[in-house]
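Reading through the structure tokens given below for one structure.
To keep things simple, chains are lettered A, B, C, D, E, F, G and H as they appear, and every chain counts its residues starting from 1.
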Amino acid sequence: MPKVAIVMGSKNDFATVKPAITVLNGFGVESVVRVLSAHRTPEEAHKLAAEAISEGIEVIIGCAGKAAHLAGVLAASTILPVIGLPIKSSTMDGLDSLLSTVQMPAGIPVATVAINGSENAALLAVQILSLKYAYLQEQLWNYKEVMRQKILSDDNALQEELNNEKT
Amino acid sequence: MPKVAIVMGSKNDFATVKPAITVLNGFGVESVVRVLSAHRTPEEAHKLAAEAISEGIEVIIGCAGKAAHLAGVLAASTILPVIGLPIKSSTMDGLDSLLSTVQMPAGIPVATVAINGSENAALLAVQILSLKYAYLQEQLWNYKEVMRQKILSDDNALQEELNNEKT
Amino acid sequence: MPKVAIVMGSKNDFATVKPAITVLNGFGVESVVRVLSAHRTPEEAHKLAAEAISEGIEVIIGCAGKAAHLAGVLAASTILPVIGLPIKSSTMDGLDSLLSTVQMPAGIPVATVAINGSENAALLAVQILSLKYAYLQEQLWNYKEVMRQKILSDDNALQEELNNEKT
Amino acid sequence: MPKVAIVMGSKNDFATVKPAITVLNGFGVESVVRVLSAHRTPEEAHKLAAEAISEGIEVIIGCAGKAAHLAGVLAASTILPVIGLPIKSSTMDGLDSLLSTVQMPAGIPVATVAINGSENAALLAVQILSLKYAYLQEQLWNYKEVMRQKILSDDNALQEELNNEKT
Amino acid sequence: MPKVAIVMGSKNDFATVKPAITVLNGFGVESVVRVLSAHRTPEEAHKLAAEAISEGIEVIIGCAGKAAHLAGVLAASTILPVIGLPIKSSTMDGLDSLLSTVQMPAGIPVATVAINGSENAALLAVQILSLKYAYLQEQLWNYKEVMRQKILSDDNALQEELNNEKT
Amino acid sequence: MPKVAIVMGSKNDFATVKPAITVLNGFGVESVVRVLSAHRTPEEAHKLAAEAISEGIEVIIGCAGKAAHLAGVLAASTILPVIGLPIKSSTMDGLDSLLSTVQMPAGIPVATVAINGSENAALLAVQILSLKYAYLQEQLWNYKEVMRQKILSDDNALQEELNNEKT
Amino acid sequence: MPKVAIVMGSKNDFATVKPAITVLNGFGVESVVRVLSAHRTPEEAHKLAAEAISEGIEVIIGCAGKAAHLAGVLAASTILPVIGLPIKSSTMDGLDSLLSTVQMPAGIPVATVAINGSENAALLAVQILSLKYAYLQEQLWNYKEVMRQKILSDDNALQEELNNEKT
Amino acid sequence: MPKVAIVMGSKNDFATVKPAITVLNGFGVESVVRVLSAHRTPEEAHKLAAEAISEGIEVIIGCAGKAAHLAGVLAASTILPVIGLPIKSSTMDGLDSLLSTVQMPAGIPVATVAINGSENAALLAVQILSLKYAYLQEQLWNYKEVMRQKILSDDNALQEELNNEKT
């Protein structure tokens, strides 16, 4: 069973992060969910990243707000792909988190998704895993098809609503 | 041999994109480099993404400036991981490219790297491939070590320079 | 009867988009209202744009938030004028939607209106149609006059309120 | 012969605006090119907009930088579609021009294109005119095809360059 | 009695603008308060500015949100000092209003105050008037002294609160 | 003879500030030009503002970059109208200067003009002075007319250039 | 007992500033808490800074919103380290306060912490004091350890919650 | 002799950082200047911070660009005051560096100075050291006085230049 670590910088971020766990579960991907801070528990954060491969982890998702160093700090200690999920904090509308996560210097990439985009962080992890776990590819196509059907059914529902309004 | 597609929206972007090719070459990863525009050649762009798997491509890097839709448009037609490389254009200092690339709606992630961060786009691709192609992991650790040695030797050189200034 | 397509990227955008339909109705312009996503239903979106002319559509309004690619993607597949309505999402106050919509590369314009400016998207469509359907010009002058009268009557009401406060 | 007015707020903007004239010429659209300022010649600007229809003008392009009021001021005095071209000035990288042009209040739309996007301002004008002057539609499809061929030939040229480098 | 015109672009702005009237009243300055839009009633706005001097108006305050052209448009038709009050609208946190108001081209200044800073708009008007109406200077010094006393008494109150907490 | 103080925070700003002196000279307004820093010479800055009235100064222009406190600090010590001229520094494109100058708290207005808009700072001073020195009004109307004629002659010149190109 | 002055520009800021007092109390550092405005009580603000050393104050924290000049103005009159705490106001999400506080010109540094980061302002003061008052170092290490334990216990709690959900 | 560590994330930053060394030298403060990256040499960076106290270092200055994590990462491993110097990189005009440095979460402050403000980083370090090393206070007052005299002599020079121009 493929395994992804989700690390958040504060337990307050859990509500925002939770959809990522749900998505991973839906794909049958195991998630190791941790609260670890780049600044308050730097050694534990480093340890998680440095030992991730030996723990069977294959992708790491780092979730943090404000000066969001977590994903970058994890990426410094591993060669696994690290996904950065910038979390909107109480000021600056997430721009600080986004820039702190995405503007990484050459040599240490962080695969950044949208501000508060936890569902996408998980989906990106699954896409990455699907290179190795080919059975995930079919699930991803299904997921895409379900999204497509959802839009089409929303579209149909809207047509009906608008038609009903006219009559 | 693992294979990555690098798609840029305009041939003008080539100078910025080129380091990505160099990095991939260094890791022995084949690169398919294309000029294809989300807006000027939408069908060819769609075709590349839709047929990428059957062409043996495992990661796609989409590089574009301004309203940088390319990575998102490619991601819409594949379940492969798509890396977005926002390119700085003549106005807005790359902020437009960054937001257009990273702020993807739920369901269609784009793994965004820093503005003009082509080296990181390639490294992220290699990290992703390394899940499947385990031999890349050692190369990635080597790459990390070389970067580390470069910093340490820069550090030494600086100490010497400063010492020489004093005497 | 002139016909305008209004395409929104998500049914959640309907509340914001609705005033556009009301404005078009007021001018006797038929509206085809669709939920179609550039990323979740790229082929349907492409199809709508590519077949718009043969369906008698003369202007397309694309409405989307975040990395708002919809209007640009529709514009890629048609030569009809495409109006972009950037929708404010939960972060970045609409700046992401605005830049993703307006900063289109040379060759594929999107006629962008204000963030959440659905009334203006519709009015712009009517102005465009009025070149061909000359009877709309008079209605547009009337609309302008009604707005003018509204301001003047607001002005009068305010004078009265202020006078009453004094006495 | 269809006719478009291009109004710029300062003669300094002419270099940026010129590609718009070239595009219009290429489509056989007559252009009336004026230097008129919303602030320095408000009456002349008003007069141009108010009399545009009687002068046979069908679309107006307003080009201005900084607090770019010109397009909005023109739109206030006409019911013709007004295209806003925000021009990058010496500070703020065009963000001031963009927001001043696009964030119009309800009732007075300005069809805004990218900062310094003069080619797109002209193309949008042609798209708008093509509703009435149907022969322009074919030219627009041709224009799109030429752009497509340009990308494809750039793509081919790049393949060759890269192949040559390898050998 | 000195006279100031306060012009707002929409009656919705009245709640934000009202403190300006209160301040002017407090200084015994007459205020003419109008709802006039640069875009919906351009001629009335022009007329107000052009005739302001003959109406005995000596300072004009223009208040508007979004693409806030009002103060600039008024300034175009008068040589009186025009104060710009940018009003925060529903998106962009007032940045659009601020830039549209303050970034005026050379030749047509607008004296811009803080976003939603209506009290300051009025105080600035009084400061300007005080050059001619010297008796206002003493009132302004009094106003400054009252503010100073307010801070000092707030300071005292805080000391007491903190002392009480300790005991 | 009316008198304006121009205070700049650093002699480096002189090149940007100089057009203000030229404009004031043109109107026959005396200028006292000083280099005084809110942070390096706080007492001298305070003294200038506090004694400005007794020195016959009637308007103060404060010019500064970065965390541009100068205009606000001067305004704290006088009841004269203070004009703030934000100067673009080497980073942030003048946004820091603009916000530091314009976002003054209630009670202490600074009449802010465009970033680097020294001509407008001077013109605003003249407009303010013209309330008391009525003869300046005619000069201001002349100045406006000269600007208008400049635009109209630029417009004519452009027509000729374009006509010559055609033939 | 070491002593820190906390100066806020308005009593409204007290709720945001209060955690700083609590932190200082926790470290046994005396706090002098004042409401003093750079603009409304410039002389009192200057006096506090100029006399701080003789009053036994060793660090000053300046807290202000909007055009937040307070910390810079205090720094101008002392050689003590001045910490700037930018406070989020009703518009611009604190960006104005941040830039006005941090972008100080060469020669007058302000040690700026995060927007609304009052706890960090106090901690930074304690870190600075700990150079001289060595016993504070141990308390700071304890504080760090408590934070670390808090994260680890949050991490444990989360593991339990997630385990409970599974079963 | 007091000792400050200056750590830069890349040797490319040396030109920007150098004035900090000069300032420290001028005050007789020893500087340990290092090139160490939060991401490329995380362990060495951690070691420097963790051992700083035992090495006799009393203040640390962390200098970095883009997603500038260095100062925060150093602060995580020490209780010494850490000064953050955000360095402007090739995109985003330093805003990314500033936000990544200053927006630190509660518990781990970074004393941030202006973008590229290396002189101020050093001065702040000296101010901090002056609490313990009282002799530095006099030097700091001297430094302030020299700055003051520089402004006053610039002011005099300007008066002469302007007088010469007149005659």
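The rule is simple: contacts are C-beta pairs under 8 Å (C-beta built on N, C-alpha and C of every residue); 3 or more make two chains touch, one makes a residue touch a chain.
Everything quoted here is computed from the prediction, not taken from an experiment.
**Student:** Which chains contact both chain A and chain D?
**Tutor:** B, C
**Student:** Show me the overlap between the contact partners of chain D and those of chain F.
**Tutor:** E
**Student:** Determine, among B-C, E-G or A-H, the equivalent of interface D-F; equivalence here requires over half of the contact pairs to be the same by residue number.
**Tutor:** E-G
**Student:** Roughly how far is chain B from chain H, centre to centre by C-alpha average, rounded to an integer in Å?
**Tutor:** 33
**Student:** If you average the CA atoms of chain D and of chain H, how many Å lie between those two points?
**Tutor:** Here the centre of chain H sits 47 Å away from the centre of chain D.
**Student:** Could you say which residues in chain B touch two or more other chains, in rising order?
**Tutor:** Residues 10, 37, 40, 66-67, 92-93, 95, 102-105, 107-108, 110, 114-115, 144, 147.
**Student:** Which two-chain combinations touch?
**Tutor:** A-B, A-C, A-G, A-H, B-C, B-D, B-H, C-D, C-E, D-E, D-F, E-F, E-G, F-G, F-H, G-H
**Student:** Under the touch definition given earlier, write down the residues of chain G that touch chain H in their complex.
**Tutor:** 53, 58-59, 79-81, 83, 98, 102-115, 117, 119-121, 123-124, 127-132, 137, 140-141, 143-144, 147
**Student:** Okay, in this complex, where on chain C does chain E touch?
**Tutor:** 88, 93-95, 114-116, 144, 147-148, 150-152, 154-155, 157-159, 162
**Student:** List the residues on chain A that touch chain H in their complex, please.
**Tutor:** Chain A reaches chain H through residues 9-10, 37-40, 42, 46, 65-67, 69, 72-73, 75-77, 89, 92, 95-96, 99-105, 107-108, 110.
**Student:** Which stretch or stretches of chain D touch chain F in the complex?
**Tutor:** Contacts found on chain D: 10-11, 14, 21, 33-37, 40-41, 44, 66-67, 90-93.
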